[in-house]
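Heads up, there are several structures right after this.
In what follows, subunit A forms one complex with subunit B and a second complex with subunit C.
Showing the complex of A and B:
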């Protein structure tokens, strides 16, 4: 086990050289590796000078959580233990982060729902912790299959939500996520989502910087709220909480606090743009009249459909949303210029992303939004399913 | 950092409220550790400013005893839960947390572990203070799990045997047969003996008592915090009746507690051999 006091100006407690996120993500030389999403998350955490991680087993994220445990045993992570259930874990994460730790945890589907009360508490206390959400279905009936319905429950928690498409993106995003969440003018939790199994368990080639470098540590004294460590005078947040039956309560205080959390999420935009190189990534034909709006592995399948449709002489483009909160409305509008029809392929039955897109575009865009195709409960989304949706639309009545 | 954080910037001294100046000038901290205790309550600035609980509420008195007994208040974090106690926490001059209802021992676990990681050379005490609903019902899992894990935390339950803040509903701590809201024909099962569960679950120091004797409360708090700091989890169950919900007047709380000293809250004290050894050593050193 390491000691935090072993850290110097240039090295962290495990002896890694401290570097900026820009160096880590854009400048450091990289070499090719072949690993799963869970394994790459371990590599990301290893390079992030992480103070604390709390774990609980659930399919499919357990492997990532126990690999972080190995990092702790190897001296890279300061505090690590298994909590009693996801509600407990998310509360323990809150305690770790309140006490001034850079903190990460992971969960999935039913675990997310069990812990739900905590996520609003996280953003309300302005802790910059990171949750890796490896999305899977929600019971009942019992399922352990990939499905991202759970993300819809997270949309209004006040947390930032980023969505990685593949193993490489999971690595880069989970590093950038700490840095953006910890910006003093942002300082709200961040949820980095990947599609369970499709990313967590699939081995892909991935480019990684060497593991002898790591991010500069988190400085809790730059937090907009003082850390709970008895090293600063007790903050007014603690002494004047707003939902108390005392004579200085103000309903307006609670309301403005809630607005401020959402504003903080919006203030992450320039940082997220920098580290993610844009909140949306557009591929395919720039002048296409048909587009796919997607996140996660659905965008990979949309790109596959784009290739097939190109062979048929049909121009399309894929607009991959990399952040869901903040919702990249301006970038989406820009990308939809000239697009007549946009399809939203999703891994859930409710079409939460289509709703998000429609809500953001209402009155601002002429593009017709088609919510589909949708698969769920562990189904894969073959490119043919997307092709069929497109062909039925443009070739109505004549079949795919 | 110790008490330096309570030193007022001279530039702002003239605009500081009196209670903040009092805190700097007339509160006792660890350097006065022998003086700290019940006897200082009338003479020094208390860490609890005016509170918003009912007149004569025994819980308010018990909190004053607890705060007066903290061995090292300037390095103590108190984790609270939802309930009447949460109405007093905003008035405490220490770092306190109100997170959710029932998750207090989980939050305290995270805080304690990280404080030990960040400040290996400073003794930082983490104390959980919550009501019986938070400790015994909704938060039971997290309370017991923190005992199982041997967290170095002191857990204090202000047991008023009822959900008082929500208007008087039965809790797990309510005695059998008692009529409360949600138990219109009387509670059907026995009061949960949390102090016994604490022993079974790994606490090194567990007490059941009332807050009728201030010195006894202060002694228990001090011992429990020292044992938590150096040995393992500790638990105090302290009867602080809700005079409102059991139909007593503002001046009848003390009598009620004294009566219960012989009944449901007859003294129970468990000290593990390791804790026994520590307390004997501390006594020898004059720290108790």
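Showing the complex of A and C:
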């Protein structure tokens, strides 16, 4: 088993040279590769000095979980094992992280829902673990296809949520995610979302730094809660959980604790801005009166629509949200200046992102928000579907 | 922190919801303002020296930290209490105390207001408390008391305190004590 005691000040247990996240993400030379999202996640984890990973198979994240297991066999990941089911996995992730391990896991769709209670427990215990969520549809009826409805269930768990558009973003985000989640004033879990299959199983060009470097290890003694360590009294959080004796404590304790978790998510903003180069990315025509607000592969399709509309002489811009929690309200408002209509294309039936956008902008922006187009259950979102929405809006009653 | 308490009812809105977050490296926070560390140190010393029943709450990281830095810090905190004419009430651990806390001898993050009410504390320094518990306590204190709270933190600071210093290790504590002595002399105390 690879372990901390095998490390030196400059090398981790597998002999990789330890570097900062700034060096890894912004300075180290990169070379071009051709990989799927699952494969690139393996490459990211390989460079993160990960102490522990727990897995359970469910489509479409099984391959990513399997490849992290290969990293354990190769000596890059400290501990790797399969849980009993997703509830077990997320509980075991909590145990690893509370004990001071940099921990990662992956899941999808029904697996996410099976494990649901744990996500609020993760944030409540201030563990900085990372979940790679390869979004798929939720039963019933059974589907293994891409659909991001499950993200809506995660919105109020107290976890940070980042959304990667493509293979390259998945690589960079999943490295930065550890670093931001482990900041002492943040220190809440982070969920890095990609659309299942569209990213997990699609091979794309990706620029990677060499694999002989890796992040410095996580320092659990900077945790805002004491790690479980019998050498560090009073490690009493689990042995004497106050929630079981809530009739003896101030009503304000639970409320204060919950607001502290949400405050911690907001404290991630300056760090996320640094590593992601902004919480939103805007492309297209700066002076456009029509915008698309999207995340993940929906933003890629919106960029396709932008190209087609440009050919028709219609100016549009794409506002890609890279973080959902924290919700990038200020940056979104800035990007919407001068925009009369904003469309929110989504891969789900409920339009959770449109609801988020409307809630954030209410009373602060005059931009009309159009929730659509929406596709779900594995449907693709051709640029034509987005064009139709736009043309019907600007050419009402005359057809697309 | 935008508003000093009491809010009488709820820790909401917390400082973050009022647009205040932890200060950047090298800086400190005084209410809503990011200021130079030395300015904050002078203000903290003044508040502690002029407030009724000023108290220091040392937490587990200095009470039980079995390392040289913690030992050094603990001695400096004792010196700080003498310079600031402050009382010292420890936060021994984080378990809620039931059926009733002894508010004269300890403070607890789950009901810190009881200790502050009982001892009529108008200014307090939290030091050596793990950040999460400090933040939980600071929110409750602000909601339920009119105590001016100060967080002296070894990590990133605490925006829910009315004043916060960050990255405070023994060297910086020595600097604070020196400034506190100057302020004390200026105030002729």
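Convention: the second predicted complex is superposed on the first by the 385 of 400 C-alpha atoms of A that agree within 3 Å, B and C clash if a C-alpha of one lies under 4 Å from a C-alpha of the other, contacts with A are read in each partner's own complex, and residues count from 1 in each chain.
FYI, a contact is a pair of C-beta atoms (placed from the backbone, for glycine too) under 8 Å apart; a residue touches a chain by one contact, two chains touch by 3 or more.
Quick caveat: nothing in here was measured; it's all calculated off a predicted structure.
Asker: Clash or fit: subunit B against subunit C, after overlaying the two structures on subunit A?
Answerer: In the arrangement built by aligning on subunit A, the partners subunit C and subunit B fit side by side.
Asker: A:139 contacts which: subunit B (first), subunit C (second), both, neither?
Answerer: neither
Asker: Which angle, as a multiple of 10 degrees, do subunit B and subunit C span at the CA centre of subunit A?
Answerer: In the superposed arrangement it comes to 60 degrees.
Asker: Where does A:93 make contact in the superposed view: on subunit B (first), on subunit C (second), on both, or on neither?
Answerer: first
Asker: Between subunit C and subunit B, which one touches more residues of subunit A when both complexes sit on the common chain A?
Answerer: B
Asker: Is A:85 touching anything from subunit B or subunit C once the two structures are fitted on A? First, second, both or neither.
Answerer: It touches subunit B, and subunit C stays clear.
Asker: Identify the partner contact of A:117: answer first if only subunit B is touched, second if only subunit C is, both if each is, neither if none is.
Answerer: After superposing on A, A:117 lies in contact with subunit B but is clear of subunit C.
Asker: Just subunit B (first), just subunit C (second), both, or neither: which does A:380 touch?
Answerer: Neither: A:380 stays clear of subunit B and subunit C.
Asker: Which value in Å is the smallest Cα separation between subunit B and subunit C when the structures are fitted on chain A?
Answerer: It comes out at 5 Å between the closest C-alpha atoms.
Asker: Could you tell me which stretches of subunit A are touched by subunit B in one complex and by subunit C in the other?
Answerer: In subunit A, residues 231-234, 240, 245 are touched by subunit B and also by subunit C.
Asker: For the complex, give me every residue of subunit C touching subunit A.
Answerer: Listed in rising order, the residues are 10-12, 14-17, 21-22, 24, 60, 64, 66, 92-99, 109-111, 113-114, 130-133, 135-137, 139-140, 143-144, 155-157, 159-160.
Asker: List the residues on subunit A that touch subunit C in their complex, please.
Answerer: 126, 183-185, 187, 222-226, 231-234, 236-237, 240, 242, 245, 248-250, 252-253, 255-257, 259-260, 262-263, 266-267, 269-270
Asker: Show which residues of subunit B lie in contact with subunit A when the two form their complex.
Answerer: The contact residues of subunit B facing subunit A are 1, 5-6, 52, 74-77, 79, 86-87, 89-100, 103, 106-115, 117-121, 124, 141-142, 145, 149.
Asker: Please name which positions on subunit A make contact with subunit B in the complex.
Answerer: 3-5, 51-52, 54, 78-79, 81, 83-85, 87-89, 91-101, 103, 117-118, 121, 125, 228-234, 238-241, 244-247
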